[in-house]
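Labels A, B and C are assigned to the chains in the order they are written; within every chain, residues are numbered from 1.
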Amino acid sequence: MQKMRFSSLAVQNFLLTTAGTLFFTTLILLISGISPLAVYQLLFFGAFSSPSKIADLLMLAAPLLLCAAGLTLTFAAGLYNLGIEGQLTLGAIFAMLPLRLWPDLPPPLLWVLAFLAGALGGSLWAASTASLKIYAQVNEIFAGLGMNFLAMGIALYLVFGPWQRIGTASMSGTEPLPNELWLPTLPNLRLAPLAPLLALSALGIVWFLLAHTKWGISVRATGLNPIAAENLGVPTNLRLFETLFGCGILAGIAGAIQILGVFHGLIPNVSSGIGLLALLIVLLVQAQPTWLLPIVLLFASFAIGSVQLPLALNVDSNISGVLQGSLVLFALMARGIQERRQKKH
Amino acid sequence: MNLDQFWVDLAAVLASASPLILATLGETITERAGVINLSLDGTMLLAAMVGFAVGFQSQNVGLGLLAAALVGGFIGLILGFLSLSLRQSQTAVGFVLALLCTDLSSFLGNAYVRVPGVAVPSMPIPFLKDLPILGKLFFHHDLIVYSSFILTPALSWFLFQTRNGLILRALGEQPTAAFARGINVIQYRYFYTILGGMLVGLAGAAYSLDLKQGWSHRHIAGMGWIALAIVIFGAWQPWRVAFGCYLFSALQVLASRSQSLWPSVPTQVFQVAPFALMLGFLVLVNLSNKPPSTPREAQISLRWLSLAKLMLLMQGLLHSLAASPPAALGKPFYNDEP
Amino acid sequence: MDVSIFDLTKTFGKVRANEQIRLHFAAGQIHGVLGENGAGKSTLMKLLAGFLRPDAGEIWLDGQPVKLLNPAIALRVGIGMVAQEPLVIPAFTALENFYCASPASAMPNLASARQRLLNYAEQFGFTIQPDLPVANLTVGQRQQLEILRLLALGAKLLILDEPTTGISALQKKALFEALRKLAAEGKTILFVSHKLEEVAEICTTVSILRAGRVAGEGQMIMPQPQDHLLSLMFGQEIQTKNPSLPQKSETSSAQSVWKLDSVTLREGSRSLPNLNLDIPAGTILGLAGLEGEGQQLFLRLLAGRLRPKTGQFWLKDVEMTNSAPKAFREAGIHYVPADRLAEGLVGKFSLVEHLSLLSKMPGLLINLRSAQAQAGAAIATYAIKAAPTTPLAALSGGNQQRAMLALIPAHCTGLLFDQPTRGLDILSARAVWQQLLARKAAGTAIVFASVDLDELLKYSDSILVFHGGRVSKALDRTDLSATQLAELIGGVGFVAGE
């Protein structure tokens, strides 16, 4: 009985969210004088239209999942880690270091070094945010934002300064890496299998940590009631630091994937908003690791599907962001309506 | 640098801070009522876009400004509905709205990118504009800038000298006490969230119809986040918030002036630097706010202070800036529980 | 104002907080409303003050039915309530509190508000400085401020919810005088309490609530025999005997748990000077005093969360002056804060999750089976009404406090309790104390802070009185009477310890 009621509530919730989102995006499309059907076809199915699209989808989903897994940790500890963009960027910058310093080392060794360096860069940036939060009582949202701007400044400096492409400095980034340093891909596809594998293992680790370890339960206690957690003997500041640090590691690895597998060089906008999108996803699933993978794939498919919009239909690709954002907004609304109804009964 | 140039720069600082002042004081109103509107970055972009588009289509600046204010107020209404009526986290809703509105502004604003449109006309004030120095500084602007001058003292007066201001502060400090005094907390919070949102919307239009005179994708991205940080920096006090806006504005002017000093540093870096610096100032303010709780920590922060020579000078100033946020900021209010 | 209540009913989910309440309060009298915690007194008062809306039933004022949809309407018709924790705005000054949201007709501006505040204060002999931040006022002063504010708004029915909790003996005296005076002026006063003797002292009538209903024959004229009132309040369950007075303990030979040598504490503007003390194992030390006189500083010192500014500090003969809180936990010291759900427990966690969190078993993984077994055992031992996986926020206050106790290992060195029975009904409170006394017998040293004199006198071996930023020497319980203790708390005859 209890179970049936739960599932019917979940269905209602789902229907309300989907209906609301579709209504809103359709409205936006109609206002802009665009036929919604063609747009939806590309948005929903475009990412699955060819093997190369699916490859792109997975190469976007990999860093997205890494970031979302990391944010699940920080969200469980009650943190809004808006600084993830900077953590990813620093991860990318650090991943460039071994590649530029010792280009003659064997590529597999360089990849390992690049991932390690990326993890180091991301976690350093996250540790700074954590220190600002713990020692200077700066809310992590603003500490993270500051670190984001700083990271952006460093990336811009490098791309337009010391690491600029010979002859021209531009937003398109540094000199591309030599081909042999690119992560190995499946034949004729841009899919580097290592990237999704890394992301899946990160998800597995995060799920296991939160669900099955004492550390995980103390993180959740910190997120739910930090004062009580402290009184029950949880070192809450340490937990905040650790979860941010862990998130920084995963974001840094995502940054390294952007370098080694996606852009093959540093560009100023190396994060491409992946961190913020991951934060949106974590808000949608409320830090439940089990729902993370399907939602990451869904959001990534919207993004990949939208890439074709400008060429195929002369429609701006930002509609995928509108779709993602309104999905989360309506999910929050549906949740609120449901909680309100339950309260009344 | 000659003196004339200095006055010109100072006038530019005053003018270019005006949208920020509208946005930060709008957010100050909302937060004083106990609600955090985290959507500022998106709201300002969307309002800037809509304001510009409406102004362009109607060839009427006033309509553009009005439309922008309505957009800002509407986003405030959505935030209010989700957080005040449906009791979802203000932070979560605000963040989602920030991203959603940003994407919306880009999608809907495609047709208006770098199109010449209408702009708020300059309006030097007769006689006063001819005053030496003061004339140039304060009376050679337009209505948006003048209203930014007036808004700070007006809000300060409202908050601390009026009956309604006292109620507004009570909403953010102790809503249960306001409720017990017969105030409809939820209704009032809606009102101030929408009012604050309207000012934020105006701030967006102040960019697209005045300061930047045009629209392009995400051209003022980051401003909303900085505005939110400045409200904290300004400790929810209108004068200090305004000071924060002018400080940021001055940093931007300084950054563009210093480009010639370090030609080796790419110009893009100077555009980002003020943002990072402003958040650095926020950290300094917080550090000085914090009472050292154990002797060891005190030593550490003292060492930090002596490291930064500037800090010793600024310490007094920073301490005078110390203040705590409204006690119930961001916390939900329920009155239907036992 | 003449107040009639007809069949008032209010439910929260499945809980029937008020069921068909029917009462009448005549004007010009002080009416007592008695009941143990959770009997529905607060709900009834909130319905009267417009804070809550009834599911059914009617309220009539002076023969007219009224719909009290919100506090604004209630205030307009002349109903004012002073909550147990007076609902003031701590960041405002007394005057701003007085003025805030008052109708312009009553106080056109701040200057006139100041005049009214001073006039009213003088009339009732209350001393309130208008420009002092309310955060600096005592609970008693805040209550006085609220009473004056409601009178200034024209309240004809004044509701006071547990008004004597946390106020000094002197303030209580002034309060009772003021209430008598107001009743004589024709106002209706509702005096809500769970303290029989206070109701006996001041009320003309008494009504008793039990489990959301009016108990017995309805409203009664005072005086009434105490046994009769008690049996109405608690039904048959009152049979349990009071635990007897603690014996004068022979603990001089017992090992000391905490030992303080010239310890000085400071946090922000609060400080406590020169503490010298020895708290032996197997004893109970009560901390008496008005709320916020430094008892919490002291408890946190003993818990290792606040380091001494000067002096030395030993735990079981090991110097711990500068040790971290963790070391204290490891040494078997446990601290239970006053607000359980805010500071003691994670509301969304169940007993199983709490026990997993606290598990001392080796290994990094959660041992679910062992936690479940522990939870089952705890539920049986402590008679907690909950399943092992019920979130603790869904439990009643008494069950939460028992759960809190269940989380503390049976054999611990020292227990620190801030207001151990706040918000509990008498039976739950007794159950908690039975547990604590059992632990005392097993050799645990217990230190607790309370504003309840009876509790302090009933369970402590010795008592420290906190007053005006100073602490008395440890007073032997057997040398103290209730009157003496009340006077010491109010500062009469108070001498700081050396």
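Following the convention adopted for this analysis, a contact is a pair of C-beta atoms (placed from the backbone, for glycine too) under 8 Å apart; a residue touches a chain by one contact, two chains touch by 3 or more.
Note that the structure is a prediction, hence the values are computed from the model and not measured.
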Next on the checklist: Edges wherever two chains touch, nodes for the chains themselves; is that graph a line, a ring, a star, complete, or other here?
Outcome noted: complete
Checklist entry - When you take the mean of every protein CA atom shown, which chain's own CA mean is nearest to it? => result B
Item to check | Mean-CA-position distance for chain C and chain A (Å) | outcome: 48
Checklist outcome for this item: Chain-centre distance (mean CA atoms) for chain A and chain B, in whole Å, is 28
Checklist entry - If you average the CA atoms of chain B and of chain C, how many Å lie between those two points? => result 43
Checklist entry - Along chain A, where are the residues that touch chain C in the complex? => result 212-218, 220-221, 224-225, 227-229, 231-235
Checklist outcome for this item: Within the complex, chain B is touched by chain C residues 12, 15, 17, 42-43, 49, 51-52, 70-76, 81, 83, 87-92, 96-97, 99-102, 104, 268, 307
Checklist entry - Any idea which chain B residues touch chain A in the complex? => result 38, 78, 81-82, 85-88, 91-93, 95-97, 99-100, 102-104, 106-108, 110, 222, 225, 228-229, 232, 264-269, 272-273, 275-276, 279-280, 282-283, 286-287, 289-290, 297, 300
Checklist outcome for this item: The residues of chain C that touch chain A in their complex are 326, 329, 335, 337, 342-349, 353-354, 356-359, 363-366, 407
Checklist entry - Which of the residues in chain A end up touching chain B in this complex? => result 28, 31-32, 80, 82, 132, 135-139, 141-143, 145-146, 149-150, 152-153, 156-157, 159-161, 169, 268, 276, 279-280, 283, 316, 318-322, 324-326, 328-329, 332-333, 335-337, 339-340
